[in-house]
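Letters A, B, C, D, E and F mark the chains as written, and numbering starts fresh at 1 in each.
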Amino acid sequence: MTDKATYDYEFLRTSFPVPSVLHIELNRAPLNAFHEPFWRELGACVDKASTDPDVRAIVLSSVQRIFTAGLDIKAATEILSPSSSDPAARALHLRTHILDFQHAISSLSRTPKPIIAALHSTTIGLGIDIASACDIRLCSSDFSGCVKEVDIGLAADIGSLQRLPYIVGSDSWVREICFTARPFGAEEALQQGFVSRVFLGKEECVRAAIELATKVGEKSPVAVQGTKHLLNWGRGKTVEEGLEYTAVWNAGMLQSGDIGRAVKATLMKNKAIFPKL
Amino acid sequence: MTDKATYDYEFLRTSFPVPSVLHIELNRAPLNAFHEPFWRELGACVDKASTDPDVRAIVLSSVQRIFTAGLDIKAATEILSPSSSDPAARALHLRTHILDFQHAISSLSRTPKPIIAALHSTTIGLGIDIASACDIRLCSSDFSGCVKEVDIGLAADIGSLQRLPYIVGSDSWVREICFTARPFGAEEALQQGFVSRVFLGKEECVRAAIELATKVGEKSPVAVQGTKHLLNWGRGKTVEEGLEYTAVWNAGMLQSGDIGRAVKATLMKNKAIFPKL
Amino acid sequence: MTDKATYDYEFLRTSFPVPSVLHIELNRAPLNAFHEPFWRELGACVDKASTDPDVRAIVLSSVQRIFTAGLDIKAATEILSPSSSDPAARALHLRTHILDFQHAISSLSRTPKPIIAALHSTTIGLGIDIASACDIRLCSSDFSGCVKEVDIGLAADIGSLQRLPYIVGSDSWVREICFTARPFGAEEALQQGFVSRVFLGKEECVRAAIELATKVGEKSPVAVQGTKHLLNWGRGKTVEEGLEYTAVWNAGMLQSGDIGRAVKATLMKNKAIFPKL
Amino acid sequence: MTDKATYDYEFLRTSFPVPSVLHIELNRAPLNAFHEPFWRELGACVDKASTDPDVRAIVLSSVQRIFTAGLDIKAATEILSPSSSDPAARALHLRTHILDFQHAISSLSRTPKPIIAALHSTTIGLGIDIASACDIRLCSSDFSGCVKEVDIGLAADIGSLQRLPYIVGSDSWVREICFTARPFGAEEALQQGFVSRVFLGKEECVRAAIELATKVGEKSPVAVQGTKHLLNWGRGKTVEEGLEYTAVWNAGMLQSGDIGRAVKATLMKNKAIFPKL
Amino acid sequence: MTDKATYDYEFLRTSFPVPSVLHIELNRAPLNAFHEPFWRELGACVDKASTDPDVRAIVLSSVQRIFTAGLDIKAATEILSPSSSDPAARALHLRTHILDFQHAISSLSRTPKPIIAALHSTTIGLGIDIASACDIRLCSSDFSGCVKEVDIGLAADIGSLQRLPYIVGSDSWVREICFTARPFGAEEALQQGFVSRVFLGKEECVRAAIELATKVGEKSPVAVQGTKHLLNWGRGKTVEEGLEYTAVWNAGMLQSGDIGRAVKATLMKNKAIFPKL
Amino acid sequence: MTDKATYDYEFLRTSFPVPSVLHIELNRAPLNAFHEPFWRELGACVDKASTDPDVRAIVLSSVQRIFTAGLDIKAATEILSPSSSDPAARALHLRTHILDFQHAISSLSRTPKPIIAALHSTTIGLGIDIASACDIRLCSSDFSGCVKEVDIGLAADIGSLQRLPYIVGSDSWVREICFTARPFGAEEALQQGFVSRVFLGKEECVRAAIELATKVGEKSPVAVQGTKHLLNWGRGKTVEEGLEYTAVWNAGMLQSGDIGRAVKATLMKNKAIFPKL
């Protein structure tokens, strides 16, 4: 773990705008349409960052004109073309394929590092799955989201339907956008709580995301990663189960030297420096 | 399944404003107060539509002056009058009665067809249970909702308390309206996410609901019904359970010819026509 | 149960502004910093009120300049100082301590009596845990909330992370305030649904809370307590589990004389008087 | 509820060997092969008994030479023949069919009345699903069970795989008989706990089942039905959830006059007579 | 924690046959019938032992002629006598009473210390609830168990119905003994797995229980208490949830010095001495 | 998928005694003590077999004198040596390590292919975790099992505590062997249901396992793999959840050509030949 991990990918541009923040930019011209190599790269990149002590927070944005046009329909069609003449065999192969695909995108939720999506322009289909799996969503004023799947004849299966009810409040709105595939803009996304802030343009949005990630990266990683883990774990659990699990988790975590560092810095009115995990 | 199903009811007016949309209007003068025959009819009607391939979406509204005054108190009192002198026997009878009642109203949530409530004017007690069991809620500006049950000495037991936390974001607001039975208007309903849109009057609201239903009815039924089913199934489950279940569901559904139809239409810039289920 | 329970505490000021409403005011000068005796008192006071038939609703506010500065860091540091040189033994002791602490604060959620938090000024760390465990949150316009825990190097473990996702809609916002410990004001709290109403100053807010509590206290306790219990029980459960449980609950509760009282009063246009539980 | 319910079926012979015990005998010559009308009748008969206060316990046996050869393969093949050329549409139709079939067989578990299976001779495929859904299993020494489904190319889907792990202890044995479809005899069934007692011949087994049912039928129905309900409810739940639910259940049931009757009879050394529910 | 805790009770005889083993003997002449003060004492005693570092294992037996005749019917009748004329109010009071009662008996399961029941002679009703809440059950050959509750008109509500399915394999047997209240002897208890060993007489059984407790008490308390906790936690959870929780638990526990002590002793062929927790 | 997969490992001997059965033999002299490379190989081998259509069933046995001495204590000690001076950082690293270790061993449960453990001689610690994750357990008469973990100061965390309650019936026995680490022999293992059959010697046991695997391998893979998947999925779920999930699963699987093959073969009294998946 002494050498810096390297992040070289064909469809992702990566950088460290500050030492603790990994910036991942979707980068498959022209529209970031996702074929299998692309989403496998995204999963692999995030999984690598998960165990890289140098990365304390992640920003996800797009280097292309739009955030993403979603699934690469042509590529997907090949996946869906019958692998076998037996519908049951096909079903089992499709199930394995879907689980793999979900696993790659769920890397965003699974990584212990906070991940902030900076969305802009068209963000449809898989783009909403991806955004929903991030922790925090910011967008620029030209953002236009769309749960597009019904328009290509299927129920969204890579996370939108599973996560939207956990990330926005109004179920009536969720169903409206999921049943109709109608686009929704930045203002609506903000009002419904899909994003927590809107910025004028993409640059401003990405800059704000990096600032936010930087700020988060300066906190104790024990505290931040625990916070993310506990928020994720609590979904679909009772409050009592959440509290009980948290007590076991913090039984170990409260022994961290970070608490002493934080308290001391607070008393001294200094900024605490927290070691890598 | 070759003949058209018929929808004749005493307390419901039904129609097909477009061939794929069943419009159900509550119709028990003067105030749509619900006695047992009325809610049994509602359940039976929705259950019939569930297996009717001609119905692709449902709109629920009221033909009376208000949406509903809720439970018919006089009729309910008879149900509550002691069926036995033994409190345990009475409890068992009451439990069976409540389960039956819940089963009828839950038809709205259970049906695979999307169902849009067009609410107007007074909508109290059971009206909120009913609206909460629908997928999408629209209302007119004269809407006035009320979780009335505490005012008649009971905790709401036909779905409001179970579904409100899943359909709006602010628990503080939910408890305020449930503990106090205070009415809330269209604007508040919109702001809290109880409804997703507000319209000037009842006619406009119903028209918008039918338009929305029509639009939804033009999508692939495999996609739309899967979307509703997966959103419902995910409640109270973890995201991981939701994803795993979705993968099994879509292992079958992705073999649908609708996907080819949708993709082809998209490429051709046509409108796809999807067969009935 | 014939004598009035007494509520004498060192760090709580208690009163009955109306006979059915217990007003608990946090009262440890200067900033309501919580050390163990303080949070134990709070838990004990609420637990006592839980079985006191004279108490029908509770208001929680602060008598000090701010709502609370959260945990008394100095006192907490002693708790966290190694109780043993063995990390496993320390973990087991810490776990027991956390469970005790959670148990005290969860009294607010556990009590069958509705409890309304009237928040004002600075409300940080444990203050958010406490507010989140109440049923309804009101605040004055000078309110400033903060999930402060990451700033002292830990993940919040007394309820904020477990309850915030159940009480507000936007997960993006929840994570933003939990990862960054940035303060949020009254307007933001209202918009996100953390509070359901904002008042000009603390006095007005407390007065409104007492009025609300009074109103709730006039309803049938069978109905109100059942409503709270069923809303709490439903969290992390499926809708079907919630309905099934509710049917058993109300099988007993619908035998209450309160229903007759309520119906009769409604017909007579009187105000029903409901006996204590 | 004043008239006796009648139990007339084409494929079931029914009788009341004692007034409180309904004896249902499977009766489709020659081998009780189940086609849809047969299993629908079984479900309908048990559902009727569920609400018939005259029935306090049920015995299920076979009037034919064997208990059952399971599914009527020829009839089932028709069900499985493609209802549509679209695999997704077929999947949705098959799912509805399976749910219906499960619902009929689950009537045995769902009915509040204890149900005792008296098994004899060949009992394969659906026979194990049926037996597993009963409360108590007795068999004669010529019993030969078989989880036959893998031999016809499918995973058992009407309850065997869901209930066997809850009704016998050794998972290694369950998987052995489910993966291989090898028959197991009375002695093995007893040793593994699938049945709780073995009798010499069918007559003796049925007689014992009726005696047992009679004995159960003499107990308080409030107590017996509560016991069955709570045992069923607890499956897949934590002990704490089970206790909490039980407390709500018995809060109503302990008000039964049956307890006084039982206590009085015990003190008097009489046999208590409990009213119908 | 420097002084020895004292264990003085009216209805319990306590002793330390070896320094690490607390022996609790039920002691209310003549038949250990349980009234409220008795079960409250049992709960209080076990709760005290839970936090007493001197206690590493517990043996529970009876000093009377039988293990227990169960609930003191006369005392219980008073509890059940109407506390209010309102069935709903009574239900709420009964629910609180049942939860209290369950809480006391669940102390046996809740305590982190392993607890071994040495059963002898008649053990009925509450006796089975109590035995089921212990970790290990041994009995003498004169043991006679009985789930007596249906005979007094109620479904067992203090743990038997919730725990029996988790502690024995054959559900058919569980339902047979719960529906009929028929007694079962030592041999049957052993065969069904209710007890894990049978001894000739009570003295031998108690001696074996103490030997077993002594042996368990010599192991690392971190290991033993973790083992009990994880076995309890896993009930009603998926294997995956169990593994995930265990990983968090052991993340702290594997830092224990006990592991080094154990490994060193193993290599040295010594007996390791583990410090108190 | 056209070429045969190869199974070359340093610590595993693999072979195909019949074309469809993969035989994995643990092979690290002298005692199959598990260090990290060994358990990683086991996981990798089973994961490879999971997607290898040539493998229809797996047998796991040991080529060494005993089945396994469990964890390689010396190697494990290095893992446990402090990776950081911070107990919280160490806890997070240990958690990751445990999750990895669990993931490798859970491959046995996760693989859709049935896996039969042929146990012989000493099988301790990790050996029980491994055996418990298999589907079927057979053993030779010299088998001696031991849940050894408490003897090295820890609670078993690789599956024994999570799976034993699901695979044997008597919880009293499970706790006895887990709290005391006492060995249990073949007869006891059979009586408690830990194994489903005992054979004279290792050779006979392995031969029987291969015969059983061969038999299972001749069945429809759609049927067998579905059976395993549904049995695993059902653990910790309610029967209703299990049935609902099964209906979705079989909605796809009942479209398999294997059913026609099986039915035809049955009618023809032939042996059906099922294609690979």
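One rule holds in what follows: a contact is a pair of C-beta atoms (placed from the backbone, for glycine too) under 8 Å apart; a residue touches a chain by one contact, two chains touch by 3 or more.
Bear in mind the structure is a predicted one, so any value in this text is a computation, not a measurement.
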Neighbouring chains common to chain C and chain F, by label:
A, B, D, E
Call it same or different for chain A and chain B: same when shared residue numbers make up over half of all numbers used at their interface.
different
Using CA atom averages as chain centres, what separation in Å is found between chain C and chain D?
47
Quick check: how many Å separate the C-alpha centres of chain A and chain F?
35
Just how far, in Å, is the C-alpha centre of chain C from the one of chain A?
33
Overlap residues in chain C, where contacts from two or more other chains coincide:
87, 90-92, 166, 168-170, 192-193, 222, 235-237, 248-249, 251-256, 258
So in the complex, the part of chain B that touches chain D is made up of which residues?
51, 85-89, 91-92, 96, 222, 225, 252-258, 275, 277
Considering the complex alone, what residue numbers of chain C touch chain D?
245, 248-249, 251-252
Under the stated contact criterion, what part of chain C meets chain A in this complex?
73, 77, 80, 82, 87, 90-92, 94-95, 98-99, 102, 106, 109, 149-157, 159, 161-163, 165-166, 168-176, 178-181, 192-193, 232, 235-237
Which residues of chain A touch chain C in the complex?
114, 135-137, 166-170, 192-197, 212, 215-216, 219-220, 222-224, 226-231, 234-239, 241-244, 246-256, 258-263, 266, 272, 274
